[in-house]
Structures are given as structure tokens and as C-alpha cells.
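Chains here go by letter, A, B, C, D, E and F, matching the order in which they are written, and residues are numbered from 1 within each.
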Amino acid sequence: MLRLSVPVGVRLETASQLDVRPGGAESNVAALLARLGRRTAWCGALPDSPLGRLAANHLRMAGVDLDGVIWDVDGRMGLYFVEFATPPRATQVIYDRAHSSAAQMTAAQMRWDHLLDTQLLHLTGITPALSADCRNLTEEAIQRARSAGVAVSFDVNYRAKLWSAAEAAATLGHLIEGVDLLFCSRADAVRLFGIDGAPADAVRCLAERSRAALTVMSVGAAGVVAWDGVTLHQQPARETVIIDRPGAGDALAAGVLAGWLAGDVALGLRYGVTLAALALSQHGDMVVTTLAELEQTVDGGAILR
Amino acid sequence: MLRLSVPVGVRLETASQLDVRPGGAESNVAALLARLGRRTAWCGALPDSPLGRLAANHLRMAGVDLDGVIWDVDGRMGLYFVEFATPPRATQVIYDRAHSSAAQMTAAQMRWDHLLDTQLLHLTGITPALSADCRNLTEEAIQRARSAGVAVSFDVNYRAKLWSAAEAAATLGHLIEGVDLLFCSRADAVRLFGIDGAPADAVRCLAERSRAALTVMSVGAAGVVAWDGVTLHQQPARETVIIDRPGAGDALAAGVLAGWLAGDVALGLRYGVTLAALALSQHGDMVVTTLAELEQTVDGGAILR
Amino acid sequence: MLRLSVPVGVRLETASQLDVRPGGAESNVAALLARLGRRTAWCGALPDSPLGRLAANHLRMAGVDLDGVIWDVDGRMGLYFVEFATPPRATQVIYDRAHSSAAQMTAAQMRWDHLLDTQLLHLTGITPALSADCRNLTEEAIQRARSAGVAVSFDVNYRAKLWSAAEAAATLGHLIEGVDLLFCSRADAVRLFGIDGAPADAVRCLAERSRAALTVMSVGAAGVVAWDGVTLHQQPARETVIIDRPGAGDALAAGVLAGWLAGDVALGLRYGVTLAALALSQHGDMVVTTLAELEQTVDGGAILR
Amino acid sequence: MLRLSVPVGVRLETASQLDVRPGGAESNVAALLARLGRRTAWCGALPDSPLGRLAANHLRMAGVDLDGVIWDVDGRMGLYFVEFATPPRATQVIYDRAHSSAAQMTAAQMRWDHLLDTQLLHLTGITPALSADCRNLTEEAIQRARSAGVAVSFDVNYRAKLWSAAEAAATLGHLIEGVDLLFCSRADAVRLFGIDGAPADAVRCLAERSRAALTVMSVGAAGVVAWDGVTLHQQPARETVIIDRPGAGDALAAGVLAGWLAGDVALGLRYGVTLAALALSQHGDMVVTTLAELEQTVDGGAILR
Amino acid sequence: MLRLSVPVGVRLETASQLDVRPGGAESNVAALLARLGRRTAWCGALPDSPLGRLAANHLRMAGVDLDGVIWDVDGRMGLYFVEFATPPRATQVIYDRAHSSAAQMTAAQMRWDHLLDTQLLHLTGITPALSADCRNLTEEAIQRARSAGVAVSFDVNYRAKLWSAAEAAATLGHLIEGVDLLFCSRADAVRLFGIDGAPADAVRCLAERSRAALTVMSVGAAGVVAWDGVTLHQQPARETVIIDRPGAGDALAAGVLAGWLAGDVALGLRYGVTLAALALSQHGDMVVTTLAELEQTVDGGAILR
Amino acid sequence: MLRLSVPVGVRLETASQLDVRPGGAESNVAALLARLGRRTAWCGALPDSPLGRLAANHLRMAGVDLDGVIWDVDGRMGLYFVEFATPPRATQVIYDRAHSSAAQMTAAQMRWDHLLDTQLLHLTGITPALSADCRNLTEEAIQRARSAGVAVSFDVNYRAKLWSAAEAAATLGHLIEGVDLLFCSRADAVRLFGIDGAPADAVRCLAERSRAALTVMSVGAAGVVAWDGVTLHQQPARETVIIDRPGAGDALAAGVLAGWLAGDVALGLRYGVTLAALALSQHGDMVVTTLAELEQTVDGGAILR
């Protein structure tokens, strides 16, 4: 997906220039893990056009393997338009991704051997919202990963502009049963699964709906809680000045996964909240950072000087 | 008028680029009411040059009828320069509108039938500050409107860089006697009319100086109060992040007028504070919005997500 | 349609900003005629979104009546991406207008009475290329116009990225039979209708395929020829420096129509080549000019000083 | 004066940004001579505002002494708007300098001792076009300079937007009688003084109207001719790509003066045509260069590599 | 030095444009004092290249005398790169000034008579950090100034990226013994000299290490304290919104020196905190202001209106 | 290396923004071959800083393997500043690469096994100009490649700002003896080796100084000639509009190498002149293109439409 945006204070309907940046929940996670030194690949469909290459360029720059990309000769690029705003207006998002290459990809096009040559497969609840084909593809990916002994990470990521809460709950409620790591915002837990209550309770309640060994619930400005079946992990959010909100949830997921891959969930949560803060303080959905910077930032906390 | 400005953090004296935007108290009100779906026209003088057309283009884009414009072949465009700033500096405004087409227009040039083909005529205290001709024109407009049964709305809008408080008080004190809706900031009430005290008292005190059926006093960050002879309306300001201050007062007036035209003063005040907040959160004097957005924003209050 | 472009020397696949401008063959003609003082309206479908309003704003600014716009609540905006280039690369265009509001409008949605309250209806061969609905709509429009005694102007405008030459020839060959003014580039005459030969012959040969009282053939840098059944009009192109090519053909059409509406075909051709040169020398598809500027430019020819 | 401009391809009436640059014929000459290492001062009136300081900053940066500036507390800055264009449109200039500080300065305000502490006083025909006061001031300056034994250089610089050719001819025809160096374009010689014919003849014909020891006539793309009473100097123009035309004539004058001050008229003409080409190839009226660059460029002629 | 920076929210490693601005502690002080009306000169080495002239242009624009500049034909310009940031990242600075003209200048190149034709010589602890030559040069400057009866002002300005605290303490501890005015931040007093405790005590403790008649200690957001051997001066910082931090310390020093030169230390501190706030609220290291603005701002404190 | 530039018409000494782009002769070739689908790696030293990562990001985006990069913890980035210009000024380049990480790398740091895991090693005459270490490194690379059976390609690329023609001739004359493919501009052949005469003769004369199986001589606007010991290949340059000259020679080399790797020298020359034209028509040293675009462009030659 490409994100076309206007800065705070400018209205989309009177814009004369749009900032172009890559986006997409899974690709944000892949790019960030690659920047932190992990071997990652992104598999999906892109139009074989300058717009498709634009998205690919950003992933390749981050170090993501693109050998599994399905290049769609006549496809269109998924777009989304963002009008950043301050209260009393909300930041406004217009999705324009119907009929995109991504929405039209099918399980038959996927290079499964390439996709599953990994420790971990990360999926989100946005893909099944795009089309019936995408729903099937997601389901098949989870099944194949399980058969291949590949851990599956899943971020619920409900998008009200793509489908209704009822549809999403039906589809996603089923999909999350079979995953190994589960990410869900507290708001989505309420909207989709009716799981309310204090975060510490809600995350455990959510965990019961899945076989996930780790369930992570983001609680906005309050940070994140996680439940691994034994321990309740809690990590407050880092203070920052919000410059660009989209992508913060993906950065959180990438941080948690980096910790999980290193065998340290608590470190993952600390990584996650720090990367989310880095995401908020930079333009764009994809976080530009290094492992060195993350480690320096996660330990001390920077002081502007 | 055209506004030429530099963004916060840049000094005018070292600028290499200026942002150009339309401005002008009456045209801001007209453009906003047009965007909210009201039939509006703006009557005034513009130079018949690219600069005059620049101003006209923005009004026409908003949907304002410009059939009453006096196109001045050899005129100059009124300009004002703005250097946005943060404390300890104040935002600085340099007016350069002497000898402009607007300052030189006369009652004889006005197409009165076109001007008065309306329910409501909106005037401000800036016009009579420009020249003796403009003072006469304003006076004649009020008289003609009354004769024609057209309601007159008047925003005091004292500009210290255009005339002294004493001059303004003399002229405006007289003009406001005959209007139907009166807008005045609390600061202007103090400076021009010596009306001090709590807003709830001050607005009633001000109301006594006019035949206005509705007197509206803006009280800065505290919001707005209004007196209709029976009820004291109070509406707190909306929270926002200030990006561009000029035009907020005009947005307030437009909102109040939209409510008044719909027969609901209280709604007008809620519209007004919301539109003022929208004005503060956007670049430019003229607010870009829609009635749908206003109604969505006025009801709930947006949360940045 | 919105046009998203990068300037010469920049590649789309490495862009970080896109220039946004309105486009669309019929709207370009309507906007230019409005700027020249003609009463014009544009009827078509736009999404009821900031992107749809962006397009509408530019038309309204030019003075075009938009009362006949079909506001499509859930529609998508037609887009096209342009990468301007110099040889050895060609300027590249990527259309992304499938499934747009425009491509999905139907005859049933059209406010026919509003559309036909005019002397002249201008259509292009792009609309029928968008969808079967659009093809039917175009056909119905021509029929209804004839019944209502409204002259129909038609610009062939073949777009190879939207349909094959064979398909276009079949559809357009039929449509042009019933029009009153016919515009076609020499290249399209060859590609679609196999009409080759010298322009003076080709235009007459093309004229035989239609009932058009005036047939106009643009011949690129060589200018334009026209045949009115009696006289062969020829007008060489104006010299210019090409800054932005799209829209030049629409400017030519607008100029010819302006002359035709004034009862002077020869003047129309002189207007047309001048407006085409103005289009080439400005950024954007829509030409910004005035009747005064056109008359000054068409007579003398400007010298850069 | 400040110059507010839009780049080629952009229309002033749809501009959202203006480039701000200093301008003014005399100040351009002073700044360029200062950059070439000459001690120079500029005397004139500027508003005591950020806009006045903006102009002063650029002169001070070039090394021009500003001790003789008349700081006008309530003055307005002279402006001019430029819309660069390519054929068939001409580059368009809108002057907005009536009532400016410069137009209102009087002989009584001038620090004559400071002004005349120089070898050479350079004046142009633009100043007397601004107001009656400016006309008197120019005349007095020439007389005082002659009394003080200071050479006077005068550039005719007729501006049709400021006064008629007849008015200009009357005033300037008188003024040039008493100067020591006279600059005039061939076009102005025709328009004001009816001096037509080949440049070699025209320059001698013009020279007879003045006591000037050197008369310099620019002949556009053909270069420049000069007559010193004995020798006819001819220097063809340098080839360049025109990026920004205003200021080229002032650059020519500065080059000729630099040569004249060094006692070498022929060198001055070679300097002049090179500086004019440098002016054309840079944005802005004021040329940024160094003596080293000039000498390197004047000798060889650069080849783009 | 030139500063190359990216704005908040942009990462240096993905930048496509850099803002270029002049910098350098001593030149910031000189430029600001010149803007406040003081006769100032800057002596140092610059490459004889466009980059060296870029730095010189900004100083000349401010009114600083550059006759003492050592133009280094083959030198390189000292650079520093700044990535502005918000927490959790700190603003990051990359120095690239090794082998620069400034780092290679020697005492033998200095025009001592020109340098010492002044009331006050201002030095900082950055210069001796650059090279052994610069260390010797600084030492010689202090000695020569004392011999010539010129007061020496010294700002400790420890830069951890240029040398270790131990090296700096050894060199600077020796240098500050012989100065007349001493500036040191509280953080540097701790790091270099182990002087801790309340500011009021620390500044007196620091004062004992020097013969300075005035010792000034900046205490960040808390403002500044100063000790003149008799009186303890305290001045709280001004409230502002930080737009660009570098240069605030130099602005404080310039303000204190302006007061000291006027014989009023307390005024100097008030000037200093106001100029520091002006520095923080503007882009760039060099403060653009006027004495009039300073006096207006220092007295009342501006309210954004 | 990073390239910091100002566009045509802007002077470096008055710049306020610099465009940042990656550069470097070998990296340009590597990036372009990678974009054409070849497996390529770049080995060299970069500072472990945002500036080093900026350069690496662009190479990684193009698809170049960076496993052989020597990350230099305290190094500085090589820079060069470009002021694009039109006649009479020449485009001016300021190198600032002394003491850079690249200039300080040694043979001992190189991962030779990685470097030589290739069919072809491409080197240029710029590297040995940087330092004695770089000279030794280049020599060792050629020897090791020959021992390992890896073909060596060498582009003479004389840079007068880095060393004298005599020094370059001595070093490079020796180095080119042992290479397999030799690139040299005609101008360098004259300056370094005194090889004058018609290109067809000069290329053969140059070929005698080396064991190269293919010697390629670029002849500016005339195109390129090549001698493979049997056949003289000639290929005229493609027409284009020059937007950005640096990098065209590297693009030529990449094209020739692409052809050579495919076993078709004549195709390589056609590729080369087309890629050089693409380089000239894009901003930046690195060419953005695809194999599909190259093949489409090389065959037909595009017509701007």
C-alpha cells in the first residue's frame, strides 16, 4: 500500500501536494525487524508498475527479502489517503484498496515454500478484510504454517472502514484460535469480542480464545499488557510528541516479536513500547532506526539536549 | 486582501518564500457560510489583476457569488504580512492596505440592489477604518439595509494599526446603534467602549448600546457569551492546537450566523466555537469544512485516532 | 479525475511527493470556457469525499456550475499518475480509474433537464471507454441532445490504455455519426479509422463519417485543420516551450468551441491554437487564463521581455 | 524594492507561494560592484520594518554600505510581482510601488555628504518616474555631484508602467544632458528619443544629447555598443540559458562601470556582457558572483561538463 | 561552520534535503551583537570557496566586520549535521570539522592588531578542542588581549564529541584563570570541574577559579545566575516553545555582553534570557532580531495575539 | 559518497537547502547493474553513522549486496558539493572526501573472498586518487582478481581536483595494463596518455597499453567507440535534454558491462548510450530504471507524447 498524506493544518480537499510513503501492517513489521537485524521476507502482491516498485523499494531498502512478491502485470496499487489533524478534527483516513493487486491475490499464486522457510509467520486481520480470496489465503497460510511447524503471529487490527464488527468478529474469532502469538488492541477486544474490563483481566480473557502462547494487548497511552499463560507482563508507554500516528501498533508488534525471537518477552515489551514511541515521533508508517539506537533508547530514555 | 506569511520559526526579514492566502473579515464569513450550504455573495472592490483574481478565485471556489464585485482596473491589492511566532515574540502583522482598491471604493460604485437581495448583510469595523469613503459606504449600507428590511450583522473588529481607539469608538459606537446582530470581543469592548466586568455582565452592557436583537461577545480561550434580551447563552471554547490564529473570530461569527439563520441561537454558538477551533487548527484565514463535518464535530468532539 | 504527477527528472518509483491537480477532458473544456466568460456546467459523478471535493473545487473556482454533479457516497476517485520525462524516455501515464465513481455512473442518475439546458453538449471518447454503463450513457446523451435541439460536440480522444483500437473504432465510429462538431487528432484518425493522407484530405475524409457541421483535426506541431463543408480552415500551431503537455487538446477544443459559439470558426481556430500553447506552457491540465489575455495573445503573439 | 514572483509554468492568480527577492536597479548595480570588490554605498528610503530590513540584509550581505539609508518609520515597501512565462505569454510584471518609502523620499532627507563621498554616482530613470519629489531629488543629485566633481552615471531604464513615453522623454531628455556616463537600451532610444538606425549610428546619435564621456547602448541578444567620442566599442552578448531575465541590464551597467573605474572601457564591456549572462542564468535580480569567477568566465567562456 | 539539518520527524539516514545554515559559537555571538547595534568583527579561517562565502555572507548580513578573516585557498569547511528529534530520541549531532580551515589555523595567520582593536574579545572552549594549533592560538589570544588591555570573555562550551572531559578540564581550567568574563553551564561545571551544589553556590565556587569580574552560569530551564564578586544576580528563563535549540547559549552570552558593555549586568541577564528564548523560537543558530524588538520583548513579555 | 547539490540557477554561496543524493562511480555501476537484474555487491568503507547508512540505503534499495561493507565507527563520510549551472558558468564541483572512511580503507580490511565471489570486478581510477592506501588496495585487488580468474573492468575516470595528470598517468598507466575491460573518455586519453587523433584510432592506440579484451572510449556527444581486438564498434549518443550530468559515464559503463556479461558487446554499447541518456535525463548520479524499460527504450527510442 502507498500512503498519500497532507500534513497537519492542510485540508485534503485543497491540497496541491501529497506526501507519498509506503505502508501496510505486515510490511511495516517486516521492515522494522529487518532494520533490527533479523532476516525477513515479505510475500504479497504488487502491481508491476512504478507504484508497485515504489513500495518494494522501501522494503528492499530496509533489508526485506522480496523474492516471494507476486508481480501483478495489470494490477492497481492499494492506496490510502491521510489528512493529519488536531482536535476538534480527527485525523481522517480514506482507503482506496478495493480491486488492488493485494486484494486480488489468491492462495494459488503464493510461493508457499518460500513463505514458510522461516521461524515465524506474521499476519494481520487487515488481509482477510480485503476480499474472500484474501480470507481463504489467510486461513490457508495459518494451516500450512502449523503443519510446517512455523509459529504464527497475528495482529487483529480491526478496520471499521473495510468491514463491519460482526463480520470481522466471525472471521477473526475463528482465525485467532490457531495462532501462536496474538496481538489485539483493547478497543478491538471490546468491539469485536465484547471483552471489557481492566487490561490485566481482558488480556487473559482474550488469551482463552486462542491457543496462543503469548497474548499481547495494547492499551493506548497506558502502554501494553501481555499474558504468556504464567506471567502477566505490563509495560507503560514511552512519552513522546506525536508527529505521525499510523504504524505505531506495527512497531509495537515488531518489538515484541524481536524480544520473543530472542527468547525474552519482557525485553520484547520494552522494545515494543520504545519502537511505538519512535514510530509516533517520525513521519511515515515504517520506522527508521537501528538495533544500536533501540538499545540505547530502551535503556536510558533520551533527554533532548 | 491577500495574506503573505512566513511559518512559525522563520523571520520575515530573512524570508525567501511567502505563503499566499486570501483573507478579509467579511470574505471569510461569506466563504464559510457558502461552504455550509448558504447562498452568499461578497460585494467589494478588487483590482482587475492576477492578484485580484487570486482573491476572487478562493471565494468562488467556496461557492460565493461574485457578481457584485467592483473590478478596479488600476487598483492595488490590499496586502498584509504575517510573521507567525511563539512567545516570547508575538505574531506580528504588517498591514499594507492603504490606497488599495478596497480602501478607495465608494458608495456610488456599489450595486445596491444586488447587495440587498439577501436576508442578512454582514459588515465589520475594519471597512470604516480604511478611509472616509469606506466609512460613508458602511453607514449608507446600514441605512439602506434597514430600509430594505435586511438584517444587519456587525463585527466590531477593532484594528489598532488602522486607527486609534478614540477614532474607532466614535465611528463604531455610532454605527452599532443601528444593527441587528452585534459581535464584539471582550478586549474591544474594554478598549473602545470602556465596558469591563464579567462577560455575562459586559455583554448585556454592550447590548444596551445597540438595537441588536443578539449581542455576541467572544472571550478568547473562555469561549463566547451572547445575550438576546431574554436569555444569556454561554458556550466554552473547544480545545485545539493552534496552527494559525487569524480568521478564528470570523469563523465564530459565521457559525453564530448559521445558527441564527436556522433560528437557533444556541446551536449557532456551538457551531461558532467549533468553527473557531477548526479555523485555529488549519492554515489560512478561510476555513475549509463542510456542513457534514461541522455537524459531526459539533456533536461528539473528535478524538485523534 | 485527479492527476498525481512528478516533475521532469524525477522517477515515480522513487518519488516522495506528488503534485495533485484536477484533470478530465470534459472538465478541462468546461473550466476553460467558463474562464473565457461562457456559462458552463459539468455533469458527472464524483465521490462525496475530500478527493471528490478537490476536483469540484477547481471547477467551481473556474466558474463552472456543479448543480448536476452526482455525489457518490461510497465511490472512489478516478486517478491518473504522470511521470513527466524527456527523451529517450517518454512521459508515462498510469490510469487508475476502473471502479471510480465516474466509471460507475449510469444514465438513470443523470439530471437530464439540467444537462440539456444549454446550447452545446461536449462529450469525449474517453467516457465510453470507461464501462458499458458509460457507453450507454454517452449514447443516450447524444440522442437526448439531438431530440432537444442541443448541438453535440465530440472529441474522439482515443486512449490506448483503456481499450483496444478495434473496440474504440466500433463504438466511436458509431457515436460520431450523430454529432454536430467533431474533434479528432490525425493520429487517432489513422489508428481508429484508417484515414491517412495529408491533413487537408484526411479531415474531409473524416467529415464524411459524421453529420458534423464542423470537423476539426489537430495535427500536432503542425497546428489544426477544419472542414465546415465549404471551407478548409488551417491554422498553424503557436510556438512555445512545453512545460506540461496534458490538456493541450482540450484547450484546443475549448478555443474552437468559443469561436463557434461566437459564430466565427476561423477565430475559434486561432483561439484554439493559442489556448493549446497556453496549456503547454503551464503546469496542469486546466488552463488558467482570461478572455482579455487570450485576445491580447491571439492578436499579437507575445515576446518574452 | 522586493520582488515577489512565481516560477515559469505557474500562474500568479493561482499561486500559493511567492519567491521573495530584493530588487531595484540602483541597488542591483551597487551590490554587484561591491561583490566585485568595489567600495559602494546605497542611499535611499526603506520602511523601518521587516520588509525594509529584508532588502537591507541583501545589500549588506553583498558588502554595500547602508549608512545613508533613510529609515521611514511608517513607510510601505515598494513591491513588484513577476509571473515568469514562456511564449506565447510574456513574462508579466505588476508594479506596486506607489506611496512607497522610496516614492516619498525628498531631497531634504538625503545625507548629501555621505552620498557624494565617492568617485561615481549611479542613477536611473526609474527614480524620477516615481513621484515629483523623486524627480527633484534626481535633478538635485546630478547638480550636486557635478559641483562636487563626482562623475554621474545614468541608466535611462524607461518603465512604461510608471509613466508615458512623452513624460519620460521630457524629463529624462533633460536629465541626461548633464551626466558623465550614459546607459540606454536601443529600444528606449527609439521609444523616448526617436533614435533609430544601426546601433553603431544610434549610439553616436544618442551621445550627442549628453555631455557623457561614454555612451553605452545595449542591443539585446546582439550585445552592446559604446561610444567614447573617439572609439566605437562593440561586444557581442554571451550565450546562456535564460533562467531569470530581470537584472541583466543592471549587471551590464555594473560591469561597464567596473571597467571604467579601472580605466578600461573595453574590459568593462567584456565584463558587462559576461555579468549580464550571469544575471540571466541565476534566479533573482541581484547577481551573486566574485571577481575571481568573473575573470575566469570573461577570459575563457565556460563549457558545461 | 555550516549546519546541515533535517527537521523534527525526518531521519538523517533517509533525508533527501538538508537545510543549510551558518553556525559557530563565536560567530553567533558576534552576529547577534552586531544586530543589536554593536560594532563587531569576527576573526577566523574560512575556505575560499562557495561554502566559506556562505558562512561569511550570513555574518556580513548581520553587520559583522570580516576584514580579519583568513581565507584558506584549499581548506575544507567545518560541517555539522543535526537531526532534530523529540523524545524518546534525542536530537543528534554529527560533527565533521576535523581538518577544516578553522581547525588548521595558527597564531601566525591571525591579524592581531585587527583582532585587538576592540573593547572585548569573546572566545569559547570549542576552539581549543579542535587542534593543538587552535589550543595555542586561544592561549596566545588571551595573553595578547591582557597585554593590550582588552577584556576577555570566555564561554566554556564543553563538547563531548570533540574531546574527553579530562582533556577539556585540563586545558580549559588553565585558560579560564585569565579571563574577565566567564560563561559556563551548570552541567559543564559539574562535568569538567566537579562543581556541584545549588546554582547560587556553584557560580561562586566557579568564580574562584578565575580572575573574572563576572561569572555567569546558565541553569537550563531555570535560567541563569551570575556573580560579580559582590552581588548574586538571578534571572529566570523566559517561557517559549522550542523550535531549534542550538545557539541558545550563544544568545545568552550575547545578551549578557550587551548589558555588560552598557554597564548594566542585571539588564544583561534580562537581555540574555530573552535572547535565548528568541533563539529557541527561531530556526537556526544565529538569532535574527533588532534592539527595538529586544527592548520591547524584554520589558513586557509578548502575548500571542 | 554523498552528493549535496543546488539546482540550476541557485548559487551554492546563497543556498538555504541542499539536495542529498548518493554518488560514487563504482556504486553507481553496481546499483544500475542490480536494477537490470544482475547479482551485484559493493565493497568499500562507510562511516557507521546516519550518513553512511544513507548511502547504504540507496544501494540496498537498488538490490546491491552490502555484506562486504567495512563499517567505520569513527569515520567521516566523503562528500561532494555540486552547483549546477548553465553557460557562461560551468557546473562547479567541490570535493570534500579527504580523510573519509573510503580514503582511509586498507587492503587488510577488505573481505577478499566476498569481493572475488563474482564474474567481474569493476574498479575506477578515482579510488587510487584518494590515498596511498587506496592505491595499494586497487593494485592488490587487480592482482587478486587475476589470480582468482575474475575479470577486471577499469574505468580511468581522471579527476583533476584529486591529483595531477602526471601522477594519475603514472599510477593509472600501470594499473590498466592488467585489466580485462578498459573504459576511458577521449579527453582522459589525451590528458593522461597523450593519445590524440580520431576516436577510431585512439581507441586502438589505447588498447595497446593494456591486456584488455575490450577497450571502450566515450567521445561525449558523439557517443562511444570500442575495440575488441577484431571489430571496431561505434555507437552514437542518444538525444536527450540534460537535467543532471554526473553519473552518465558510470551508466555507460554499466550498460557495456551488462552487454558483455550477456556475451554481446554491440548490445552493450547500445545499452550503454541509452543508459547514459537516461542518466542525463534524471536527477541524481544513480540511474533508476528497469531492464524492461531499457529494452523498450533501446529498441525504439521514445517520442514525448
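A few remarks follow.
We adopt the following convention: contacts are C-beta pairs under 8 Å (C-beta built on N, C-alpha and C of every residue); 3 or more make two chains touch, one makes a residue touch a chain.
Predicted model only: the values in this text are computed from it and were never measured.
Steps from chain B to chain D, taking the shortest chain of touch contacts, total 1.
Residue numbering at the chain D/chain F interface overlaps only partly, since under half of the positions present are found in both copies.
The chain pair with more C-beta contacts between its two chains, of D-E and A-C, is A-C. Inter-chain centre distance (chain C to chain F, centres taken as mean C-alpha positions): 46 Å.
For the pair chain C and chain E, the distance between mean C-alpha positions equals 62 Å. Within chain D, residues 11, 13-14, 16, 53, 57 each touch two or more of the remaining chains. Chain contacts in this assembly follow no simple pattern; the graph is neither a line, a ring, a star nor complete.
Chains that are in contact with each other form these pairs: A-B, A-C, A-E, A-F, B-C, B-D, B-E, C-D, C-F, D-E, D-F, E-F. Those residues of chain C whose C-beta lies close enough to touch chain D in the complex are 238-241, 243-244, 274, 277-278, 281-283, 288, 293, 297, 301-305.
For chain F in complex with chain E, the touching residues are 4, 11-21, 49-51, 53-54, 57, 76-77, 79, 81, 83, 92, 94, 96, 98-99.
The touching residues of chain F, counted against chain D in their complex, run 8-11, 13-14, 85-91, 242, 245. Contact residues on chain F toward chain A in their complex (touch as defined above): 53, 57-58, 60-61, 63, 290.
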